[in-house]
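Here you go, one structure.
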């Protein structure tokens, strides 16, 4: 394999960013007419290029030490960014979700006035996610975090003559702004305590208990002591800021509103890719920067995995029970995505006080995020299709849809059952993976709530299936057009979801390796 | 010519300990009073007298020649006249914003002179971030303008305030970017450093003033500065033929005086900035003690330029203003920045 | 030199003022300003401890924070603008019609 | 390789059928399903003649015929592989599945009139999962198929079922899924407490049978807890009293071909899983718990029969009676004697054929008369002689008439249960109680036949009731022939079954 | 070198003192002749109609302001670069210090170009001027 310059390791992120700029340029050339095919094509191509790069690198061995025949971790800008297996893993998730969403959008926003802006914002946000997955410092993390958030605010509110969309955008923006402020303040406290922002340096500070400083790339210890209390508060606030991105309790309030109000492809994008971005930051920060072992060793600093356990359980129950009581499909999906955030939180919760089992549980969470990326995106894209057809938003509006659009409904059935954890899609395996991760450290409560919530989720997911296939169509609904882009995206997602049953071995291996190398 | 700042010089003159904070505070106050009154004198000279003379000369008239020699008596006369006028508070004005606006306009402009090296040791303070500071103070005036425009409860004032802000912000960025291109040469934001960097000769007798080194930036800066101080062709915020007097329509008596003074101090501040970062500050032939004279010459030169523009160039429309600012000046100043960087990179 | 905890107290106070504003005010613009306060509280910490620790990391980060705050304002004002156009009000509690 | 081919052909077939227009779907589906059916019959022949699998697939690896293993996933330290194979227990059940599916598809031509391609596609999809369930030798593979059965079944009942189909479908779905979760929990409680590295069933069996030092909760060993959990999980499928309540609804609401599959094969999944997991992997615990299990079995025998006695709906009668028949299987299994277990396994096959036959016949009658109520009709014999004849034969088979498959199965079970060491002194009592069940069955079947088939014809219809179409009767005939064949020559499958369960009972065949 | 901000603070004091003193002087010597009509806001002699608070002004002012917020902040990020540029050229070479800024400004220019082309800085976009597609009002 050819030896590329180090900065080329960022190619997946760069591809997305460059595509966004290219879209703006295309729009600048002729702002008055919009060529949907061109814009959509460019966006899909860009995200596919990024996906190709990520896949090439991850199998080319980027992030695996030379000793094991890999290319070694690509460290950029004095370790502000690192491209390792985990970063690439999440870049793959982001890129594939972006590809699906942009492909589906070609039909969804066809009549829309601001198409170039739409695609550009999606890709900007995606590039932010890609950078976030490589961020190795609270500084880059914060910048990337905002690069993810700001476009998504605009995306949610992009239907500017639609009260629902605007209201969703407002709520998303307000809560997002507050959480980013909390995040920034938490970072400032961590900096106050440790004197550094780079994850490894923070870890060094926590280990040695003394303030560190980073001089031309090397970490040097200072004399001053790390004030544990400030550090603890800082960590909690950082966690709060991240919890917003993952839509985890107690920062989940925006999720139902934002997902319901925003255009369905945007909801798909946010609930899949944005969540993944939040989690990659959480994984890296809490695995590298705040090693639970050292923290608990250093006395009165909170051992955060307990917090995560509580968060995980509460999030699971809140999300699933709320979802079970919904009357609108999109809102149900929104709450279910909150519940899934709870599942993935197990990845950070299922470890022992000394931090054992971290790699195992984290890889489980990563695997679930990947599978979830496809099945959840697919489900939301199906909702986008329903909106495209003008089908209502309630369960009973979906009645008998299976007769008019059997293919799409079959795909939706796959998504929902896979989300519920039936072995018809990869969701079954990833849930089992999480399950065994919990049992691995004997976290019975987590295991129990995982099983209970999966059983519960089957109930409300099957409501949609029932409506689509079993119920008789109520009222007259005429479905005249079968949009190609949306169909392609949905079918592609469904195929991948099913193929993840035989292919789950690869995924779990990648995730495991990535988590171990971290 | 790295001269010690004014307060320390004073302290040494009076034989006091320059490390004693109290002493320094007192000395600083004295120095500040000195600088302040100096500027007030300048503006008092410029506002009621020089401005009219110049305009009259342009329009081939005779102006202010009644009171005193060359009509210089007009200055105190006008001061008394304006101060003793009744202060009319229109109904519905938003106090205290309405009262604060003139104060802000007047005093922020004065603040900028703190870091300007005027030669002959007349250099109040020399912080490392001098240039950033002076830009900051210079742009604070627009807050006063929008306050005045908004608080007056008058449609002309409101439009004037909005125009003023739109114009200031449109030309702020070219201004600052062009200043940044100078910083690339000087490699420092400290005023004394920037001045010092312009001392060595460029070609023959010509000193390496940045106006000569980078005339392109100089022209850009002059234009942007015109817009900043709101003189023709950029005087639309108070375009008398369109919106009476813009944001100052409703002000009378002392408030009017303050706004008027503020504008002129602002003009001189702009001149001071130009003189410092483009014209070598107080540098000039003769002993360094003459520096102040040269400095005065330079800022009065800039003042004359603005007055010439006021009389000679027609006013632009608001849309032209915005388009010149965003499509012309901004792009040019970005280009200038990169160009300068390349040049400096090559010669360095 | 002023001891660090004073800066901490100051920033905490500013942060809490911002938080209070968020919790009590209903005007979206005031909300925005409160968020700016919170961000600037973070900036206080950064600059103060950058001085304390003697490295520039904090100051650079505060620059980032400013830039991002500005971008946030740009987006936020845009959203508030369309909010006003749709609801003829900038009261965050007025927008409660979550239906299409 | 053979099994992979079966799965692949059927899966592709189902996709293809889903895409064919409704008019041809039925025929195409029948043609497609004929392929695995004939293939499996051939496999059965090969197995029988060359006796490829002498022994139990889980306990003695040489017992695996048509085996194939491909590494798949290495998950959480457990290696999962695509691992399939057959032995004397699964071979007959596999054949039963394929044959019964194709017959059911043929029998669906008349009743199923709308969304046909989807119906037949789902039938074939279900066949894929069923083949997988009986052939899989790796837990994960097995579980995938096990759950995979539910999804097509849910749609088949929910979409093409009777008036209360939605309720029935949801009930079935929830029951079986919760059951799966319970079983899953019970099993993995064991898995995580034994040092397993592979989830292949033989490895699990090996690990569980000589697992030692399992933790205890409240004095009860983990093995027992898991056994109970897994038993409950599987008993729902069987079904065993008191977990049977989903069955009558599902049977009554499901269209005839679906209830044929339900009674004929899906119930056997439960007993098959019981045999594979509880009685093979946890044999010791099973022996220890023999008496209560036997009581459960007997109770469902009597209870099912009693309920059947109380029904007026032919379909309900058959449904409840199948509950009681499955009770025999439980009884036979707990006996842990060659005859008992062998008979139980044989009974699975036999009952699969007979109950399928019964449902199919009832279905044919219903297609003509549009009623299943015993009271509504009488004297069908002279209007549709063939159907009635087969119905009578099938009923006698159900009652355990000699020379019919039912007889062999039940006789062997009683014989085995009577001298079952595991049941000790309770054996005679329980067995005789179970025998009493047969009397009840005979009672209600005879009564029902007498009311409906014989006597003067009476049925309010506005059309002429005539004999059923050939393609309705043909499957019945085929099934009846199979029943008789197994009854005349039980060794056709009893031998291989004995080979398979010999390692369990300790004694040879 | 004493802290320069003391002197700056001093100038701030003076800068406030001068106007305030002028106000006081004026308030001592100026007359007060309250009279109805004087206090009417000036509208070229016409009777004032309505208040200035509810007049609708061109949305362009918002657009320009938003653009300014973004670009002005970028200059904040440019300034540190300009300060160290000259030394950095010597230290790490020209391309390494110049190219990142070129990329940065390139992105800025793309954004500006987009805003330009989409009429964010074109003034005549008022609803009455262009009825239809994407007005900003």
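Here the chain labels run A, B, C, D and E in written order, and each chain numbers its own residues starting at 1.
As a working rule, a contact is a pair of C-beta atoms (placed from the backbone, for glycine too) under 8 Å apart; a residue touches a chain by one contact, two chains touch by 3 or more.
Chain identities (UniProt): A = NADH-quinone oxidoreductase subunit N; B = NADH-quinone oxidoreductase subunit H; C = NADH-quinone oxidoreductase subunit NuoK; D = NuoM family protein; E = NADH-quinone oxidoreductase subunit A.
Source: prediction; values computed, not measured.
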| request: Could you set chain E aside, keep the rest fixed, and say what connected groups are left? | output: A, C, D | B
| remark: Touching chain B and chain E alike are none
| field | Both-way neighbours, i.e. chains that touch chain D (NuoM family protein) and touch chain A | value | none
| Taking mean CA positions as centres, which chain lies farthest from chain E? | D
| request: Per the contact rule at the top, check every chain pair and give me the one with the most C-beta pairs in contact. | output: B-E
| request: Select the chain whose centre, defined as the mean of its C-alpha atoms, is least distant from the mean of all protein C-alpha atoms. | output: A
| request: Please flag the chain sitting at the greatest distance from chain B, going by CA centroids. | output: D
| task | List the centre-to-centre spacing of chain B and chain C in whole Å, with centres computed as mean CA coordinates. | result | 33
| query | Taking each chain's centre as the mean position of its Cα atoms, how many Å separate chain C from chain D (NuoM family protein)? | reply | 67
| note | Rounded to the nearest Å, the gap between Cα centres of chain A and chain B is 52
| note | Rounded to the nearest Å, the gap between Cα centres of chain A and chain E is 39
| task | Would you please write down the residue numbers of chain E that are in contact with two or more other chains? | result | 72, 116
| said: For chain C, give me the residues that contact two or more of the other chains. | reply: 60, 71, 78
| query | When you check chain D (NuoM family protein) against every other chain, which residues touch at least two of them? | reply | none
| field | Complete list of chain pairs which touch one another | value | A-C, A-D, A-E, B-E, C-E
| message | Quick check on the complex: what are the chain E residues that touch chain B? | response | 1-16, 18-20, 22-23, 25-27, 29-33, 38-44, 51-53, 55, 57, 60-61, 64-65, 67-68, 71-72, 75, 78-79, 82-87, 89-90, 94, 97-98, 101-102, 105, 108-109, 112, 116, 121-124
| said: Using the touch definition from the top, list the residues of chain C that touch chain E in their complex. | reply: 60, 63, 66-67, 70-71, 73-74, 77-78, 81
| Parts of chain A lying in touch with chain D (NuoM family protein), wherever the complex brings them together | 360, 364, 403, 406, 413, 417, 422-424, 428-429, 432-433, 435-437, 439-440, 451, 454-455, 458-459, 462, 466, 469-471, 501-502, 504-505, 508-509
| field | Touching residues on chain A, where the partner in the complex is chain C | value | 139, 142-143, 146, 150, 153-154, 157, 160-164, 166-171, 173-174, 177-178, 180-182, 184-185, 187-189, 191-192, 195-197, 211, 213-215, 222, 224, 230, 257, 260-261, 393
| query | In their complex, what parts of chain D (NuoM family protein) are in touch with chain A? | reply | 72-76, 78, 80, 115, 118, 143-144, 147-148, 150-151, 154-155, 158-159, 165-166, 169-170, 173-174, 177-178, 181, 184-185, 188, 192
